[in-house]
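Paired with chain B in one complex and with chain C in the other, chain A is shared by the two complexes that follow.
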Partner chain A sequence: MAASSAGVCTACTIFRLSGRYWFLRTFSYNNNFSSRNVQTTTLHCQSQPQTKRKTDPRKWVGVVGLEIHAQIHSNAKLFSESGVHFAAPPNSLVSYFDASLPGTLPVLNRRCVEAAVMTSLALNCTINKKSLFDRKHYFYADLPAGYQITQQRLPIAVAGSLTYNLLVRQKWNQVVTKTVRIKQIQLEQDSGKSLHDDTRSQTLIDLNRAGVGLMEVVMEPDMCCGEEAAAAVRELQLILQALGTCQGNMAEGQLRVDANVSVHQPGEPLGVRTEVKNINSARFLARAIDYEIQRQTDVLESGGWILNETRSFDYKSGRTTPMRDKEGLQDYRFMPEPNLPPLIVYDNKTVPAHADPQQVVNIDQIRERLPELPNVRRSRLVEQYGILPEHSFTLVNEDGLMEYFVSVARETKAEPRKIIGWIIKDLLGLLKQHSLNVSQSPISPMSMAELLNLLEAGTVSSSAAKQVFQELWKGAGSSASQIVQKLDLGLLQDRSTLEQICRTVIDSHQEEVRAIRGGNKKVLNKLIGLVQRELKGRADPVQVKTILEEKTL
Partner chain B sequence: MLGLTLREVSLALREGKVSPTELCQRCLHFIRKTKFLNAYVTVTEEIALKQAEQAEKRFLKGETLGPLDGIPIAVKDNFSTASIQTTCASQMLKGYIPPFNATVVQKLLDQGAVLMGKTNLDEFAMGSGSTDTIFGPVRNPWGYSRQYQERCAQNPEDTKDSSDWLITGGSSGGSAASVASLTCFASLGSDTGGSTRNPAAYCGVVGLKPTYGLLSRHGLIPLVNSMDVPGILTRSVHDAATVLGVLGGHDPKDSTTVPEPFKPFSLPDEIDVRNVCVGIPREYHAPGLSKEILAHWTKAAELFEKAGARVVEVSLPHTQHSIVCYHVLCTAEVASNMARFDGLEYGHRSTIDSSTEVMYASTRHEGFNDVVRGRILSGNYFLLKQNYDRYFVKAQKVRRLIANDFMKVFSSGVDVLLTPTTLSDAARYSEFIKEDNRTRSAQEDIFTQCANMAGLPAVTLPIALSERNLPISLQFIGQGFREKNLLTVAKWYEQQVKFPLIEFQDVADHVSEFPKTTKSASAF
Partner chain C sequence: MSSKSLRFLIFSGSRSKLLLRPASPRCGVLRCPGGEFVAGGWSLRLCCRLHHTASTTDGSKTKVPQSPTWEPVSESQLPPVTRVSPDLVDRLERLALVDFRNQEGVARLEKAIRFADQLHVVDTEGVEPMDSVLEDRQLYLQQDCVREGNCAEQLLRTSRRTVEEYFVAPPGNIPLPERDERSSLLKNSEL
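Let's look at the complex of A and B:
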């Protein structure tokens, strides 16, 4: 279904391309609803899509808050010098501190503090010049110290906001801007990993991840459905990647999302919430939340109670189930971390005069280093290239696509709007179909530019260009112009040949000619198509049309 | 030779009167002789001889490293030592061999000190008798001194149970006994509530607890992170200053050490105390303070006055709450610090492992003694959400008040405080174990523990022999990071009192088999 719909309906294409999860989510709902139905219902999140079936569709409203753990992109862990690499050999990145050997002490990694400050600035937070570390206690095999060092009492930043965009799909070219408040950002340690071998009833522990720096971003319950949450997470992901503070790969666990979900009736106090864990992609996030909203609605509708519990999302069944452990009841026995003095960050006004720049973190200096953020980037694209906002959305949200577009635009005189069509509709369509990233594209920006230049110069017709594009995709190594030459796809310049072919087509389609003469101009398109088929699309459609008009009228 | 101070023996080495190897061998010999004291958990004979040999080479080349080069030392068995078992006198860490040296140990070794061994202690430094250890209690060398034995012979009251022996105090009892029994010239202890000063006082040696943040705790297996300080035990105040000079300073591996550079100092031999103001805290006239100690304390104050110092009575009104407050803060940190001992990465692991939780529980039950388990339980109780404010936060506030008391006194012009270190001289083991570990800790730490609350430096030094011919000690508490002032005053007083050397060597030669007691004083 994914393949067949690609490139057919422009609306669908844009919708699909703007985020993988949305498309797949639609797909998952196709068993019950038509695509369009889902788009309509999820559009207005205030009314639950699922409750449409109920007697009162406006009765229950979902309330969603998120806790996001973003692994800090750094060479070393939060409190030790061990390296940080995904999928390194087990226990190869473990310092004495990470293994919690007695007598070892935490030493705060300045890079992690800078990353947290930079992220906080990008999320419009108030940065606490003084923040504190705490110990959070619980026994778990991959938590060697028996506690996690976190910032429970006084986190590094509070009171921020994240602005994100939703594509309104009913009118597909409409972008809706929403804002979620950020409650706080705190620094904390990641845990190790446990591998349970049930057959041998063994648990294997890998401490490579133990002690890696995390930024926990706590979002207020300002969202109301899975789609909003997924869009907010995607925007956060883009911001983190732009900042370089987190690589943001959800599949590798660099970005992990827990959702706090409740339902209530508008005007009523918030309902009892559940925490949904074990979500490792944005599309699963949307599915898990929507499932949970529906589940809670059903429970309440049938007179039941919602338990304040932790639930795990099973991506195979698409359901959430209560987690076995009693985390909800656990008392973490928080205590100040006695081995770390308060974390002090400075600004230009407060930085000590003779401080070693290697030893202090200066907010103002970090602010100066802030790179262009995704929303600024989108506005710039719209302004600079005159493209539509929703196109800028797709360009920025798809990893590497904006760079691709800019490279092509630099190398060709073609109109940016034309380039957009080729890149978003044709190229990205194929990439999605083959589950490829932009960086894996068989067609380089240079080849794409060359093709567009051929089209622009009138060397090929647009339909021939599509054929060249298909050849380029196959990646045989030939350039666009080589393909044109080899397949003889160059624009047919010889008017007499063209006239001759038009004549042949007219002669064998007298019925259509009569219809045209009778005033049905639309039939002319059929004849144009026949001529093009005869010429493998090599003719200039405008020229063909002129000749046919001359000969039929 | 073994009765010399560190300063004297260092000079003897330099002058070639003795070689490092010879000195090391003599100490090793004497360690064997005094094995009955149970001061050492591990004797690192091979390592010591190798280090002595290296020192000897340096001496021959005239390339000595400093005052500690070739000097036999001992280290409490809660400091991590690379490739040497570090047990904390606990089943939990028996056989645990750290892969790294504690910073303070490394600094000693870098200065050419010769490590004789690791010394006995109360399990995880929780105790004040050095009696609650899986290696058996430590015995006070003074119980075998000629001075004490002769007095016992005169006094039939004291001799009725000749198999009984004296405790060292704790928890650094092994370190105190090692210096007092002349088997090394300096040792490392740790001091959280008095664990260095208390045994130093009972064993008649100098015990220095430096300012919190001056010495690195990296590698010290923690009791209470916010109060632990490596302690220094020597036979003179001068020696303590020498060792402090080597150990002090910022450590990048311990973020709680102060970044300001530390300048080692030496103490003058000619000292004038006329400009010194000595404070006598009123509240330290505690119930249970022995008449003897009170008398010596008063005498000390008079001595200062006579020498021209200003002696003033001061008040530390919140001291009385110190022990209770300490109990809450200590157990809370203990509960947290001990969480890592789960049998997974290192240390004891129970064979009962039907599930991970069961394995944790049985490991911790088997690995920790009653005292440790009791503190873990209370600490976790104080940290529970519903108790946190009532206990932990309140205790932190009281701690601040205690520290403020000291600040006020010092800002009023007082330079040092003069107090007793302990309530009495060393108790007999049979007497000591009549009370449980918690009660004893509360009694024993009463004069020492406030300095840890406030992070202040304090030094105890032996000043006289009691009626029983056992050491009596007094304590000086100084201002933060003003160790030089503190030790200068202490040295002046040391010069006045001329505390006698233990007459021990010949006696020890005649000590044969002592019945070994494994009975523990732990009870909760």
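Let's look at the complex of A and C:
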């Protein structure tokens, strides 16, 4: 394993200050600056004076490598012709080969090979024109054959890279681009599902998932904290969904991530790593990795050592617990798969003449058919609409939001930046509050566009527009203009009424006027608020402010 | 014999005599002395005499060499003998779930290892390892259609215990007992 070349990640560094306390700062996505004080009891008792440490603060840096299993989105399984569905009656999608009945042989599915090649091309990997299949032996009830067909010696693709973006929310919305190297991508079989029934001391086995094609993406340990890992996984999810090779739904088990976590001091060799399994979502991934780095640091600081083991993450408690019994390292006894010849993929130069097109997987043809990848999509949005890069991240990150934005932009003449402001702040905010997808939004792109057109035309003020927005959200079926008429939220055009109301407000709030004349400008906002309340927000705030300023000064 | 065929001998023939020298030289061609007595079509060639000559006067072309083309390997050419320790027996049992904890089993394993040690004599400099005879065949790629499945009933019939269309298995892997307990547990254990 290569040591991480970037050195210390600025987002999370563990400092040790003056002996007793040490802080762990983690920067999370939601703009929360959380700090934890951990008190380590030292051997020096309270009676002795606290000696100041003369040594430098010891920095422990986490090293994280991910192994991602992505279930290939295909009709049939990898080596048999039974179907692939999420929730089907138990053992109904199982063929004789999947149940490993004697006399059955594997036959490779073309779509799975294409999916692996597509993913490898999207991740800039070198595709091995010849790859080999192996058997990985271990005993478990959900692996009926006793071995899993995988590609260990010569996988289908090696040496790629995944570029992902980290949003660093400190004082500015800065986006940092990072790269993680991909060691290899290989095709392998999935195992069945086991339901543990502890009360009757038995396990129920469902083989519907056994034999489904998986792409295992092995990443080099270039990452240093949970946040980076979560961002990388999110980016990979978007890429796979854009390609159509995997639906990327972590909750349904279509994307499974195992993290290999270790800590070391910069410059020293890598520490002992532990594997963390049973992570069900990107959010839990960040928490699990951070917990594990924390735990390993605690152990090492207190003088212990880390065992090379597999740990399971419990999302309820946020902790990892050891999983496998203490057997030491598993020996998988890899052996070449005797029933499968080497897998050869071709490109335009090596395609044999008169070859059956059904039997030939052509890399160049697949490369031409690659759809638009997320980072290309982001730069296109920035270029086409002139929006800020971080907005394009949000647009591409949320499912369906980009399409929403494009439909609204098509219908309205408002500036894209304003549309973005409405979509990201107001619409997305409400969607998140009610835990809805973009597709479930009560406000259609048409209504949104209409509202923005009214705003542009000056028919409503911005504060009135927000009220209209709230009404639209309730989804009564009326359009924006209908709501404006019904609630009489049109912009107050008559300047004299405005002046009158301002005068009344000023007369009733002489104290505030004196404060403004005294130099306190902020009280003006309070008066503006009062005026707006009187007028139900129909006045143009800029106009109100100028009138009030005239009258008070 | 060539190195390739020697490997196959070991793959398939580990149950054969685990000796370094052949018991009797197998060579020659089985020939029926009187060809004119052979009836039409398939006929059993009853061998009357073993001939050590290389003649093929009845016109059949055979690729089997007339005399052994290999020489027995002497002990001095082989690497040192591998002894199978009780720890290794332990580990192998755990990995393969095969019970061979007696003198005969361990002796057989050691002989098999010795037989395979002959491979060390072969010079494989610059030779790509072959792991399948199918290496120059095309791997067949089938279309992505669903043509199998929906045979839950038949599959569940193969299992002794089922619960509502699920197969039943013991809870997790039952760990093998420790070595001291194991010797009392297993019948044929002599170690």
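In the analysis below, the second predicted complex is superposed on the first by the 467 of 553 C-alpha atoms of A that agree within 3 Å, B and C clash if a C-alpha of one lies under 4 Å from a C-alpha of the other, contacts with A are read in each partner's own complex, and residues count from 1 in each chain.
What we mean here is this: a residue touches a chain if its C-beta (ideal position, glycine included) is under 8 Å from a C-beta of that chain, and two chains touch if they have at least 3 such contacts.
As the structure is a computational prediction, the values presented were derived from the model and not from experiment.
Under the clash rule set out above, the superposition-derived model of chain A with chain B and chain C contains a clash between the two partners.
Applying the stated contact rule after C-alpha superposition, one finds that A:Leu93 touches chain C and leaves chain B untouched. Looking at the shared chain after the overlay, A:Pro106 reaches chain B, while chain C stays out of its contact range.
In the superposition on chain A, A:Phe334 makes contact with chain B only, while chain C stays out of contact range. Look at A:Val361: by the touch rule set out above, it reaches chain C but stays clear of chain B. Once the two complexes are laid over each other on the shared chain, residue contacts for A:Ala141 go to chain B and to chain C alike. In the superposition on chain A, contact of A:His196 is made with chain C only, not with chain B.
Of the two partner chains, both chain B and chain C are touched by A:Ile205. Put simply, more of the residues of chain A are touched by C, taking chain B and chain C as the two choices. Overlaying the two complexes on chain A leaves one chain C stretch of 39-47, 75-83 or 183-191 clashing with chain B, which is 39-47.
Judged by the document's definition of touching, chain A residues 96, 99, 101, 107-108, 137, 139, 141, 203, 205, 331, 333, 338, 340-341 lie at the interface with chain B and also at the interface with chain C. Put simply, chain A touches chain B in their complex at residues 96, 99-108, 135, 137, 139, 141, 144-147, 203, 205, 331, 333-335, 338-341. Residues of chain C that touch chain A in their complex: 91, 94-97, 131-132, 134-152, 155-156, 158, 163-173, 175. The residues of chain B lying in touch with chain A in their complex are 79-80, 88, 93, 98-100, 102, 217-222, 224-226, 252-256, 332-333, 335-336, 338-342, 344-346, 356-357, 360, 380, 383-385, 388, 392.
Against chain C, the residues of chain A that register as touching in their complex are 74-76, 80-83, 89-96, 99, 101, 107-113, 132, 137, 139-142, 194-198, 201-207, 325, 327, 331, 333, 336-338, 340-344, 358-359, 361.
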